[in-house]
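Have a look at the structure that comes next, please.
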Amino acid sequence: MSKGTVVLAYSGGLDTSCILVWLKEQGYDVIAYLANIGQDEDFDAARKKAESLGAKKVFVEDLRAEFVEEFIWPSVQANAIYEDRYLLGTSIARPCIARRQVLIARQEGAQYVAHGATGKGNDQIRFELTCYALYPSILAPWRIPEFYNRFKGRKDLMDYAQKHGIPVPATPKAPWSMDANLMHISGSQPRVVRKSDVRAADSFGAFLSRSVLAAGVPVKVTHLKEGTSKTTPLQIFTYLNEIGGRHGVGRIDIVENRFIGMKCRGIYETPGGTILYHAHLDMEIFTMDREVRRIKQGLGINFSELVYNGFWYSPECEFVRHCIAKSQENVEGKVQVSVLKGHVYILGRESPKSPYNEELVSMDVQGDYNPCDASGFIKINAVRLKEYNRLQNYSFRS
Amino acid sequence: MSKGTVVLAYSGGLDTSCILVWLKEQGYDVIAYLANIGQDEDFDAARKKAESLGAKKVFVEDLRAEFVEEFIWPSVQANAIYEDRYLLGTSIARPCIARRQVLIARQEGAQYVAHGATGKGNDQIRFELTCYALYPSILAPWRIPEFYNRFKGRKDLMDYAQKHGIPVPATPKAPWSMDANLMHISGSQPRVVRKSDVRAADSFGAFLSRSVLAAGVPVKVTHLKEGTSKTTPLQIFTYLNEIGGRHGVGRIDIVENRFIGMKCRGIYETPGGTILYHAHLDMEIFTMDREVRRIKQGLGINFSELVYNGFWYSPECEFVRHCIAKSQENVEGKVQVSVLKGHVYILGRESPKSPYNEELVSMDVQGDYNPCDASGFIKINAVRLKEYNRLQNYSFRS
Amino acid sequence: MSKGTVVLAYSGGLDTSCILVWLKEQGYDVIAYLANIGQDEDFDAARKKAESLGAKKVFVEDLRAEFVEEFIWPSVQANAIYEDRYLLGTSIARPCIARRQVLIARQEGAQYVAHGATGKGNDQIRFELTCYALYPSILAPWRIPEFYNRFKGRKDLMDYAQKHGIPVPATPKAPWSMDANLMHISGSQPRVVRKSDVRAADSFGAFLSRSVLAAGVPVKVTHLKEGTSKTTPLQIFTYLNEIGGRHGVGRIDIVENRFIGMKCRGIYETPGGTILYHAHLDMEIFTMDREVRRIKQGLGINFSELVYNGFWYSPECEFVRHCIAKSQENVEGKVQVSVLKGHVYILGRESPKSPYNEELVSMDVQGDYNPCDASGFIKINAVRLKEYNRLQNYSFRS
Amino acid sequence: MSKGTVVLAYSGGLDTSCILVWLKEQGYDVIAYLANIGQDEDFDAARKKAESLGAKKVFVEDLRAEFVEEFIWPSVQANAIYEDRYLLGTSIARPCIARRQVLIARQEGAQYVAHGATGKGNDQIRFELTCYALYPSILAPWRIPEFYNRFKGRKDLMDYAQKHGIPVPATPKAPWSMDANLMHISGSQPRVVRKSDVRAADSFGAFLSRSVLAAGVPVKVTHLKEGTSKTTPLQIFTYLNEIGGRHGVGRIDIVENRFIGMKCRGIYETPGGTILYHAHLDMEIFTMDREVRRIKQGLGINFSELVYNGFWYSPECEFVRHCIAKSQENVEGKVQVSVLKGHVYILGRESPKSPYNEELVSMDVQGDYNPCDASGFIKINAVRLKEYNRLQNYSFRS
């Protein structure tokens, strides 16, 4: 008798193939679920592989558009960046994948969802907090003693694969966790970035785009020289990836702090996301009131930590997203961007919604601004400092 | 009879030359004070010019070492950055200059300090809050109606100069406020950065340095290929400027929010500061506990806003500097950096003080880390989310 | 010829009566505007007085309902409290009064609004930032040299009053700034609170109310013993004031930090506001998710500082109010409160929207909560601490 | 053969008595450790009981002085308060108790420490994070299936006690977790506070103390009428407890958010802590610069959350304590306090370190403060608001 049905987040790779077979061995019916979030994968081959390994059903789901619109766009609005460097490419993909997985589990009446994330990483948390928030029960084989005691290293997986007719990759993939999606490519092992890569600055001529942001998200990108334009979210983001990728934009080698309490190394390449980060930041400061932005900056830090830690589907993250979206109401205009050899330059910006007032700033036009007012402003700001100083001196003397 | 003695922050340029003569005209004795904070200037010529214009005394003060050690270094420790982009090159120079000016005023028994900053900018505030915090009275001609009504534009200054024998520059300098010092070069007019500049990526081979940070500030920089080493703060910073400058590192064109309430455009080039920003950030995250850094990140934002707004000498900025310095106790190690065509890449890092533990992170070594613990961690983190969800559903139904 | 029309915020007292006459003397037409925000005043008498002093028109406006609904209620939602103690009774009244003043100025085509707030206080700022945000020009006689040089003390005002037929109060009011409105009574002089007051605990039997909060604001208050109920905002707040006042609730004697940079003493009595502060806080923590509240707590601190400093009408305060209102969506339920001799006790609470789950908390019911999960939770939280400790020991030894 | 030695945090009550016997049954040697942190307990009787139940050794440790000086005092400096209401009486006791337990374990060469905290509460976390930070291994029977499956309710404990000769209390104590220490008495069940209690306002005459704070902690308390003075930390705190207790000060009935993700009800009585909270807050605002305090307020919130969640011994809490202590350098002076029927009134304060300047605030003394400066201050603060308004109108029209 079946122990129940499991919807397994299946990647087509060795690990989740072994998990698929192992789950069946344990007595579960397995539905394989493969999310297309822009990674480079032969989805048809993966589907066939899952079927041949005994999956009761296989779902291959194209989530690219919703990934861009519902997960990347809010991150752009938030200027989301973890620990001042990491653009959260993996973090935002997990809730997107898990959400669909839960929907499939409900639709198919499955009792469990399962994933192949390991027990020391962030992804298990991101997967599972999404699932817990949205409901069903979870199987995480890498945390089940029967599983992890059996598969202590890559070799055990290979042996098991051979024994169970699981195709083993000819060129074995890197034995470390990698993630690839529309937003970024990541690898957690140092070797991934070789020195030759970071030096290989592309000599392609400067790229000039004109992106139109409305309410803080891009609505159009135009290549100034070539005249190409993109207008749907998925096209825009794919195009920015292509351009940015050509120039090696957004490659970083960092150490980051996992939610689980460890420091770990991360190598990321986030071309389109890096371009948008800079373009959005520029338009935001150009159009948003200074003090609104100070508060919004804090909310963006909250958002980034929440998303990194797996709390996309939480009351606080919903609240923060709502507030950030509200702050974007006037973030609208055109940003001119140049991308060259790893670097993103902002060349200019214009907006009908900016309080930027050339006349007001000009030293030649006084307008209704009286220089004497600045004296009062400074003197009142100094009242506190003078009292403090008076007291310090007093204390020194006494 | 003299109205008293004024110590004037003198730049050698047209504006402060006119101010010098005008102050004398108004009946003040003027001491000219010229601070060397690394700008490109003929200090001897400036001294002679001030003397010829009637300065009672001239002080040319080399503040470069103290600028690096007492102002740039604390900013590096803070990862100081205003509105996520501006590295505060001008902001930190003002209190350094004004402090010495106050010391001279005290030593010379002067009644006033004066400066040539205009009435719409940030610098007047930074100058004056420093002075108010440290004591004497201030004259700001650009906010004195008699002055600004007389000098309504550049032409008035030129006429006045000619009439009073003030040498007028053959090639008139740009008619906008510029600032140059060790930390950066700034210009607030769009023309300063031409497209050709930002495209002119230097084809110089990749630069590899090995900088040793101790308690959050650099103590040594070594060019890996050339073998050159620098060890004093001033040498280190000058050298990083040279390298960074060659590659166009740290050039930005931004709009920023002035304390005075306006948005204004700023064009900055901060080569050495940009390299150090990235190197320090990397070492900080590598060595500092995650939660300490979250708190320190907030303090760094405080610091940046305070310094931008002119509050370097304030009880709160002193307090924040103290706390930030405390946080740096373990920020020590070597960072390997590559600089190429505008971009700064971190290639690696090592430190005796880092809690980074390769064994702990490794998926092959379990250590005293039990994967099952992660299940508990996730489940407890989900308790709140499940209750929230339970309640939402309940509410939906009722 | 008239210099234009001024709408003067008129209180009926000596100061603004003198200002009214003085403004006329200076050549302005004066419209007197008297806002009823719940202070104890004979409005008819004040109207007649203004007319007799030469006001072109007199507006007496009852703002009590809008004061409660649009200013007090948002402050209750925010748990607004400045420097952990002051409930902002005056701060929130100023924008309410100034808003109507601006509307009258527009309607009457007046060129100016004027107020009698002095040059060292917070109220001038609160008045004027509201006016500047909403438009017209301002006259602040206490900052006009002609005025403040003429009226150097109370005696000058008295002499001027006698000379110009301005009725002088028989018992001269306290020579310090006081403010009274629905929210509170304040006086900035120490004498206002005598020891006998604070000791005079009313022996009235405990008061028990049952207030129903919806979306964070009260919709009904019921006296449990007497059975009395109040349901309109103004009635509710007035009733809570009455009960709280009887028991000396909300009397504080504090030193606070003015925006203008000084510390000053404040004596406040905020009976209804204090009761609501506690009742709302209780319901908020009962119904709101922990992490939402942590973020909302920060926004509440922002709100309090903004309002104290006069920025009610600012983009950032609008933004913060929007976010706080959003956070209140589930703050709904009944709080039982007891008020006795200065103290407010919360006796209990109930809500259909609370995630409080007695079964979950109970030690006798395990539910789907497994005690072992807590072990994992604690161990993972300790990973970072253990690494830190390991490193500290290492460092100690080396 | 022994499984090793366990140092058990022993309370003398039923639960830990059963645990003691059960641990022995499981094959451990048990050292009983009883911390005196001011609870009402017959320590001699408890010692004998532990010995009679088979403890290898018994340690009764008087931690009262270090509890006050090293745990309560830093909390007073921080104005520590969790979720705006809870003064952390239990939270700060746990690391104090656990620290000594670890020291005993080290000294005695024990392999384990054990505690009787349950699996749904905060205390297990506070105990264990302290232990993990400081080293050894932990046994938490209430999370060991063999234990919690055997002892499903109070009845199982009673049966076990009778069977093993463990004295069972004649009047069974309340079947819920209580905690009593110098700082507070807590009980997590509603019945603990009866209505009669909160009404029973003591008619004792007003209490007037004069407490002298130095660097943010009390150094002397004097009863003004009776003339009694206390000067050691333990005496001061005990005396404030006595006075506050007589007046029912600091009794609250709240719902709070546990770290474990649940909301739970808490009934607390914190007399001395409540008095000190108010007295310290008053002196802090009186002596501390406004902006330093804004930053310190945020650090105090950090501190409170960290301590509540069990992170007293963590790098971030150490960092925060260091920063807070730094902020207290000038918090020194005398506060006059009146305590009556549940309420704490601040009657006045004086300090040699306060920047409070009566002359500066006075409206009759102008000093070097010019009212016109306020105009400039307000106008510059309004620049941003006017631009925002201009833009809003512009947008409305277009």
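Each chain gets a letter, A, B, C and D, in the order it is written, and its residues are counted from 1.
Note that in this section a residue touches a chain if its C-beta (ideal position, glycine included) is under 8 Å from a C-beta of that chain, and two chains touch if they have at least 3 such contacts.
None of the values given here were measured: they were computed from a predicted structure.
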B-D or A-B, whichever has more C-beta pairs in contact: A-B
If you line up contacts by residue number, which pair in B-C, A-B or A-D shares over half of them with C-D? Let me know. A-B
Whole-Å separation of chain centres (CA-atom averages), chain A against chain D: 40
Report the inter-centroid distance (CA atoms only) between chain B and chain D in whole Å. 42
Taking each chain's centre as the mean position of its Cα atoms, how many Å separate chain A from chain B? 31
Sequence positions of chain C contacting 2 or more other chains: 260-262, 289-291, 294, 311, 314-315, 354-355, 357, 360, 369, 372, 374-375, 377, 379-385, 387-388
How is the touch graph of the chains shaped: line, ring, star, complete or other? complete
Which of the residues in chain A end up touching chain D in this complex? 289-291, 352-355, 357, 360, 369-370, 372-377, 379-381, 383-384, 387-388, 390-391, 395, 398
Footprint of chain D on chain B - complex, ascending: 260-262, 289, 291-292, 294-296, 298-299, 302, 311, 314-316, 319-320, 322-323, 326-327, 380-385, 387
For the chain A and chain B complex, residues of the former touching the latter: 79, 83-85, 118-120, 124-125, 128-129, 132-135, 140, 142-143, 145, 148, 152-153, 176-177, 190, 195, 198-199, 201, 206, 251-257, 260-265, 281-282, 285-286, 290, 293-294, 297, 301, 305, 310-311, 313-315, 338, 340-343, 345-349, 354-357, 360-361, 363-364, 369, 371-372, 374-375, 377-379, 381-382, 384-386, 388-389
